[in-house]
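Okay, got some structures for you below.
Each of the two complexes below includes subunit A, the first together with subunit B, the second together with subunit C.
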Partner chain A sequence: MIQNTFKKELKELSRDGRVRISFLLVILLMAVATWISKNQYSATNEQYKEAETAERHIWEGQGEKNPHSAAHYGTYAFKPKYPLSLIDHGVDKFTGTSIFLEAHKRNEAQFSKAADQTGLARFGDLTPDFVLLFILPLLIVFLGYNAFTKEREMGTLVLLKSQGTSVWKLILGKWLAIFAPVFISLFLLFVVAGIVLSNLKDFGIFSWESLGVLFLVYIGYYIIFINLVLFISSKVKKSGISLVLSLSAWILACLAVPKAASNIAESQYPYPTRQEFAASINKDQKNGIDGHDPWNKQAKLLENKVLKEHNVDSLEQLPFNFDAYRMQKGEEHTAEIYFKHYNHLKTQFEQQSSLYRNLAVLSPFLPARFMSMAIANTDYATHWDFADAAEIYRVELQAFLNGNFAENSTYGEWSYRADESTWKNMPAFEYDPPELSETLGRNTSNLVVLMVWILVSFSLLFFTTKKL
Partner chain B sequence: MYKFNFIYELKSLVRNGWIQLLTLLLFALFFFAFYNGQEKVEKRKSDIQAAHTEVKESDRDMLKLLDSVERGMTVTASRWTIPSKPMAVGNYHPRVAAMDPGNLAFVATGQSDLFTHYVKPKTSGDDLALNFTEITNPVQQLFGSFDPAFVIIFLLPLIIIAFTYNVLSSEKESGTLRLLASQPISVAAWVLQKMAIRLFWVILMIVVILTMVFYIHIDGASFGSIIPVIGITIGYALFWFALAFVVNLWVGSSSKNAIALIGLWLLFALLVPSLLNQMGSTLYPMPSRTLMINQLRTAKAEATKKQDQILDNFLRDHPEYAINDPNQGRSFYHRYMASQQLVREELQPVVQRFEEQLQKQQQWISQLKWVSPAIIVQQELNTLAGTSTRDYESYRKQVIDFAETWRQHLMPFLYNNQPFASADYKNLPAFEYAPLNSNTTAKTILVLIVIAMGIVGLGFAKGIGFQSSKGILTH
Partner chain C sequence: MITTDNLTKKYGETLVLDNLNLNIKAGHIYCLLGANGAGKTTTINLLLGFIKPTSGSAFINGLAVSENPKMTKKHLAYIPENLMLYPNLSAVENLHYFSGIGGNNLEKAQLEAYLEEAGLQASAYHQRISTFSKGMRQKVGIALALAKNAGVLLLDEPTSGLDPKASNEFGLLLQKLGNKGVAILMATHDLFRAKEIATHIGIMKNGQLKQEFVADKITLAELEHAYLQTMDYKELAV
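Up next, the complex of A and B:
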């Protein structure tokens, strides 16, 4: 019976002109979106490579210079793009792509793509993730809204009942008939994407494993929609009503809840404005962290301590340049202040994230969206990871420069110039995105929510539908 | 006939709960959205206010310090922050250049979640150091805001679709159409009439809700300021009613109608905008910001190498400063400001290209927005709210101009080696944001109405041409 229903439904779907057209349209959209993304991806990566080499060249070719001048001149960390960003662009458009690394200051990533776009871009971009997250569920609605209502309207339900079929077999048959085409087309799509990605030159670190997990996430997401649509169809009398209800569920899940969640998250756990953030860091720099031990006081203590340690009574007698040494200690102190303030931002961010997770009860879109971005390394957490790595590099860079200054000059010798070859000795900034296992570990709660959605929707469909 | 139809329709709409549900839905969605919009505006206002207060306090300290310096007392502040040095005023006591929200800012979030609403330009640094983007969780920007513009552009059409998709088909499906066919009224006119009742109610609700919102949220403005929003919303609703009207006439069964209408919604509200956006950025691509950084770095490196020479050239170009140049009095800032000026001039065309491309994209959209009413409405609401791309572009320009004013005001002090005195405080320039004016709203509303009328006219002309007139009764 399951098999027969499955075959009959598939045949019917394939004969329906509307279904054929919408399938065709989705595939066309997907192809266009992927093509656009691929071009963008290659262009961005080329620019990234060019900028990175040029920047390194600029850094190494500074010539003879005081290390502290070099520190102020600074260097840039550029954020690379990863292969799976081809499938999900995530928040990449809204986060900056380059961080200026200089002395005394931690800078935010600059130049987000969205800021360079018109208001039209806020309608959304034609990207694969748009098709996967918004359009495919809509296709499922169209495929399944009348699965049961049409039997009712045509009166065939009575016939089916007279055959003594158990309800669950009927449901499963219809379920499979919708699932199979979705599964197969998604599978083909991901295989093609995988082949394209692994054949791109300089594609970074592409792993089939991540692609596979991403595939599973999307399949899970679609299963939830299939379950919900069939559930609605089995409970409602008319096709029209079933369609409108399924569409409302789609709008709620994909459009309304995420937007409402964004408003709630923003007002519950607000970020400070850029200016406020800078001002509170300034305050800590002036008055010491939380008003304790301002730096000039600490510097005085440091002076006495160093003098005592080396058993000398003036800074000139020290075997190194105390100015540079103090600057390094000051740098460490500043880094600590930044660490504190960025940690505050991070707590806000984590609280916002947990709010999104809680609201996922209302929308399976949320966990799917977050999982997909995370696996594609285009989520906000990856951006944080990158910014933190850049900060660690910045601190190392300052230590390197101040160390050079301290060792090779004496107290008060500001005219000291480091050799031209000095700059090469500092290794270039490199960043590796989190591994898949780490990403999954961080997103366990999203995975759990997605699983719960799958289980609950399955039981809704199979256990509450005892008779049709 | 018309009268009976009308009364019957109204009664049945009330009895099956249609009007109640619609009213409730519209009220709930709009008020939630207005609440969100208002909250954003409040935050923006209080942030700006806090910035002003902070500057006021720091000004008081500055004046105190200046006073002590002028009386010849010793002060404890770090040498380079003492405000008798003009560059200390320029860098440590910048003014707030704020973009105050307009009356209708709560209507559309627009680009306001991307950009900051106040900056404090300093004398040092270049224009690129002015960061106009805001730190936020980008997830919020990705999801967008549940603001009135979202309800109007995306949800209102869906609500209209949900309540109009089966106006004709339900009569057909329940068999009452045969009875109606015996009446002296054309099918098109009869569908139009049923639509008109629904339209009337939706318009009434929109007017009621927006009037209420006006009295709750806007204070100190005339009622006239909300009328454009009401007009745009009604024009947009008309468009969707018109579409629903022809789809009802032309398509067929309830579910086919619903699918056709949703398809149109998808087309107008999601696909056309993203396609146009894609085409805009392909036709007028933004230059690479990463490569721009390289250019910036090279220009700066060159300037740093030649700072002394640059200062000499600068003084040659500005003999008014050179007169007072005692040569020995050249400080770091003399050289720095001169070389910064050069870097700025050199980078001007590079920076300008970004703004130009953005303007070209914007122009392209203005020409093609007529393809989709959703785009028309979005652009118009953003403009009314003062949160459109153009508004932020204009703000950026005003700030950069102000930064120049600020520098030019303090430069004479620096190069004339003249200390900044407390008497000079009142002459410091202040920033005043001049919002853009737009007068396109009336035209936009008219266009929307014309489009809607055109569609309805098409419906009448074609009649139920796409369904066979026999089939509509026998099937």
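Up next, the complex of A and C:
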């Protein structure tokens, strides 16, 4: 009976012109979105590769130079693109693509795509994740809103009931008839995407495993929508009412709750303004050692300590350049201050994320969205991870430069020039995103919420619908 | 076989079926006459198990409907007043689906044979139901009863809205089924058709079975007179 209902429903759906048009539109939208994304990302990636190579070339070709001048001259850490970011753009558009690494200062990522766009960007972009997260659930609404109401309205329900039809088998047959086309379409789209992504040049390391998990997340997300839409259809008498209720559920889940969650999280755990953030860093810096100021109180204390440790009377007697040593100590102090303040930001971010996760019980969109971005390495957590890796590299770079300055010159020898081979000895910045297992571990709560949504919606559909 | 034993249905204080006792044997065609609200459809719904009786019992082939709702449905077929099928599917596909969900998956040739037996023209077998007239849809309903090999057929005003030819054809089909040993209960307003095809006729009013006749033992005029008398249309019952 399940098979009979499944086949019958599929036949009916395939013969319904509206369904055919909707499916074609979704596939067309997906194809266009993927094509646009692929072009954008190919261009971005090419620029990224060019910029990275050029920047390294500039760094290595500085010639003879004082290491501290090189530290101020700086370099860039470029945020790599990952294959799955083509499917889910996540927050990449807003977070910036590169971080300028220089002495004494931790900079934020800059050159975000959003900053370069015009006001038209307010309309949003046509991206694969937009189609997957918003449009496909809408298609499910159109496929399933009248699954049961049409039986009532056409009068076929009476005949079905007179055949002694088992309600759960009828529900399962109808469920499968909606699930199957969604599953097959998504499967084919992901396989095509996988083949395209795995063949893109210079597009990072592609993982079929991650793509598979992403596929499962979306399948779980669609199962929830299928369950909710069929549940509504089984409970109301008219197709019109079922459509309105299903669309309301879609609006609530995909638009209203995520926006509300964002506002609530922002108001509960606000980030400091840029001015406040800069002011608190400046305040802490003033209380510590200034690597450039030998008359600074902390610098003087350091000087006395070092002289005592080396049992000498003057800085000139030290076996290294104290200016560079002091600058390194100043650098370490500054890094600690940045670490402290950025950690505060991260705490706020964690608390916002935690609130989001709690609010995910109101909408399956939230856990699906977070999981999708995380697996695609386009979420905030990955951006933080990249920013932290860039900061660690900056600290190492400063230590390398100050170390070179300290070891190869004497106190007051500002005329020291490191030779041109020096710069090559500092390896280029490289960043590897978190492994899939780490990402899944970090998103366990989202995974659990998604599973709970699936179980609850299945229970709603199958255990509360005893008769039609 | 269809049996009801003091079958009673109340909605709140309203009595819609009052101690109905029926005994329709295999091969009998029982036509239940009565005005709207007489309790004909309620009787059929109780036999189908769509509603539960307030008291009394209904039996299909000896099985109590309220205790064996699924099993009794395996023995019966039902044709409502306006048999609705899936408009985007053909007659064969509809028949395949409905017989399939009853656990009877049939081959295309078998399905076509049942449609032929039900009197549907061959050119319509693979046409979509959306193009069918009511008479054609009722024939698909008969084919479903044939395919199901149902021992009991319940019909709720199946000939209303049919033209005389279609109604006549439908009546002949029912007689054919009756001759095969199917117990048939048909609720109808159509006295003429009832007299033509039935073996037994009952007249209902206000939920009560007022009179019963053996069809052969009564003329159409006598049946009409009895009906009008029962309905209190005495001025018409001359």
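By our rule, the second predicted complex is superposed on the first by the 457 of 468 C-alpha atoms of A that agree within 3 Å, B and C clash if a C-alpha of one lies under 4 Å from a C-alpha of the other, contacts with A are read in each partner's own complex, and residues count from 1 in each chain.
Convention: a contact is a pair of C-beta atoms (placed from the backbone, for glycine too) under 8 Å apart; a residue touches a chain by one contact, two chains touch by 3 or more.
Not measured: the values here are computed from a predicted model.
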Quick one: classify A:Lys238 as touching subunit B (first), subunit C (second), both or neither. first
Please determine whether it is subunit B or subunit C that touches the greater number of subunit A residues. B
Have a look at where A:Gln398 lands relative to subunit B and subunit C in the superposition and call it first, second, both or neither. neither
Once the shared chain is lined up, is A:Asp16 touching subunit B (first), subunit C (second), both, or neither of them? second
Quick one: classify A:Thr334 as touching subunit B (first), subunit C (second), both or neither. neither
If you stack the two complexes on chain A, which partner ends up touching A:Thr5: first (subunit B), second (subunit C), both, or neither? second
With the two structures laid over each other on chain A, which partner does A:Asn446 touch: subunit B (first), subunit C (second), both, or neither? neither
Report for A:Gly164: first if it touches subunit B alone, second if subunit C alone, otherwise both or neither. second
Subunit A residues contacting subunit B in one complex and subunit C in the other none
Within their complex, subunit A touches subunit C through residues 1, 4-5, 7-8, 11-12, 15-16, 154-156, 158-166, 170
Can you check the complex and tell me which residues of subunit B touch subunit A? 32, 36, 39-40, 43, 47, 50-51, 54, 110-111, 114-120, 131-146, 150, 154-155, 158, 162, 165-166, 169-170, 253-259, 262, 266, 269-271, 273-278, 280-281, 286, 288-291, 293-294, 297-298, 300-301, 304, 354, 358, 361-362, 365, 374-375, 378-379, 382, 388-389
Can you name the residues of subunit C that touch subunit A in the complex? 48, 50, 69-74, 76-78, 80, 82-89, 93, 96-98, 100-103, 105
In the complex of these two chains, what residues of subunit A are touching subunit B? 18, 29, 36, 47-48, 50-51, 54-55, 58, 62, 73, 76, 78, 90-91, 93-98, 108, 110-126, 130, 134-135, 138, 142, 145-146, 238-240, 243-244, 247-248, 251, 255-256, 258-263, 265-267, 270-277, 279, 345, 348-349, 352-353, 356, 380, 383
